[in-house]
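The two complexes that follow have subunit A in common; it is paired with subunit B in the first and with subunit C in the second.
Let's look at the complex of A and B:
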């Protein structure tokens, strides 16, 4: 399936706005206790083991990966104007995005105790 | 209060302009014209030639260049025609800003040194003359003419008139003021980095026909601009709208066309209409 540029950009805008929202929630959650305490090992693991929070982290991962790697694709495409470069950039960013989401999802699953 | 301030600011500006002009008038003022010289057929390098030109308060940069060409160095290459900002031929970078030489008075420019260079983003043919081939190719790719399947253009007896209300015209009017001078194209940073990007002029013209109610090829035009090097590569720097000598706002046209493509904007024609009315008031 080949998406049109306008469809990709629509996804880009939607993931950007959604990421703003979920990252805001993520930051607010750091403030329910003193910030340094929120980063202690036990508290971080406790966050991962809360299913709702794990879903929030997964959504941050997916949204930011899609938005960020598409942004990188846009920047790289402007460097050169030939089909081989464009296809190479598209494949590279897609593979890197999937790899990052897979690795991050694995971390969330392992920390959650499901793995 | 704001109105009073604005009147005061305008009066101060007028006084400043009058003062500047009175210093030029009859004083036999001389400006130093620095002209970019390059002939790629003979030499890859470029340099600036300096000339002293006598000016009056009405002297434009084009007048000064023609003085140089007429009396000091006839080998300077300049493209010009109408001398009244209608043909868009004499675009060049004047003191770092893309402008029309015939529409820029010497008295408007601060300082005694005027530097004339060819427009950026256009390959130099010679001196101040750039190659507009890519620019016009991008313009032509937008199919800048009315498509209408319902009109029989073969049988002249069946020709009918296009009915348009003044409101219909205002949807696209400001974009039809474009004189294809290339100033917006030369000011666009995206054109500088991506040679396949159509540029603000072509995209604004695409919107001009999309917004025209006589045209029925909206979808095919949207398909033309919706690609990897198309409308989405505009970073909205807005410099195209700043340099336009005819008051067209290509950046607005691009954003409205984008709204069409993602179905975010349903009121783009109303927006264009109100901005055109605002343009008329100023």
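Let's look at the complex of A and C:
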């Protein structure tokens, strides 16, 4: 299915606004205690083992990956317009987005299972 | 009468081709506040995407155990690491606040009403609401950077 640019822009704005909220929660989690203490291994693992927080991290990963790589696609298409370039940029950003989501999801799943 | 630039762009019949490309993007001779905001939105976006990819990679050291995690922290929890994070805080705040302004603009809010073009031909769309939105984004970014610095350098 091919989306229209207007639909893609709606997705871009929705992912941007949603990312704002989930990233705010992510930052607040770092500020509920002294910053250096919040980064201690045991504390970070405890965060990842909390299912709600793991879901939050996954949503940050998906939302920012979609928003970020679509933003990159928009910038690259502004530089140059022809069918081959536009298709190449779309494929590149889609593959990079999926690869980053897969890599980050692996970290969340493995860290969630650590004792 | 068409300018020579228009002739250059359209002479081959390919109206989708933007021949200026990156040069047009970086040309400072056509800068107003809105142009600077357009430029900053893209620069901060690309910077934040690079940071995000790096952040996903650095946090993956978690799965290699405590030693790998602490080795990564030794690299990032330094004065330069903190300064870099302050830059991330500033750029992400500007990108978010300016992004919200753009969202309003795209839905037609804050653009002003079309009217007869009178001297000195100031476009109603580039009004004080748009300019103050850009200033608010810059002020919020500076405030967030100061707050971030107070947190990050509190323990030093």
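Throughout what follows, the second predicted complex is superposed on the first by the 113 of 115 C-alpha atoms of A that agree within 3 Å, B and C clash if a C-alpha of one lies under 4 Å from a C-alpha of the other, contacts with A are read in each partner's own complex, and residues count from 1 in each chain.
Criterion: a residue touches a chain if its C-beta (ideal position, glycine included) is under 8 Å from a C-beta of that chain, and two chains touch if they have at least 3 such contacts.
Everything quoted here is computed from the prediction, not taken from an experiment.
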Contacts of A:16 with subunit B and subunit C, given as first, second, both or neither: second
Which of subunit B and subunit C A:36 touches, first, second, both or neither: second
Contacts of A:5 with subunit B and subunit C, given as first, second, both or neither: first
Which of subunit B and subunit C A:81 touches, first, second, both or neither: both
Subunit B versus subunit C as contact partner of A:100, first or second or both or neither: second
Subunit A residues touched by each partner, larger count belonging to subunit B or subunit C: C
Residues on subunit A lying within both footprints (that of subunit B and that of subunit C): 9, 13, 78-79, 81
Complex contact set, residues of subunit C against subunit A: 14, 16-18, 21-22, 25, 42, 45-46, 48-49, 52-53, 56-57, 59-60, 62-63, 66, 69-70, 73, 77, 92, 96, 99-100, 103, 106, 151-152, 154-155
Complex interface listing, subunit B residues touching subunit A: 190, 193-196, 222, 226-230, 232-233, 261-262
Contact set on subunit A toward subunit C in their complex: 9, 13, 16-17, 20, 23, 31, 34-36, 39, 41, 44-45, 48, 61, 64-65, 68-69, 71-72, 75, 78-82, 100, 103-104, 106-107, 110-111, 114
Touching residues on subunit A, where the partner in the complex is subunit B: 4-6, 9-10, 13, 74, 77-79, 81, 86
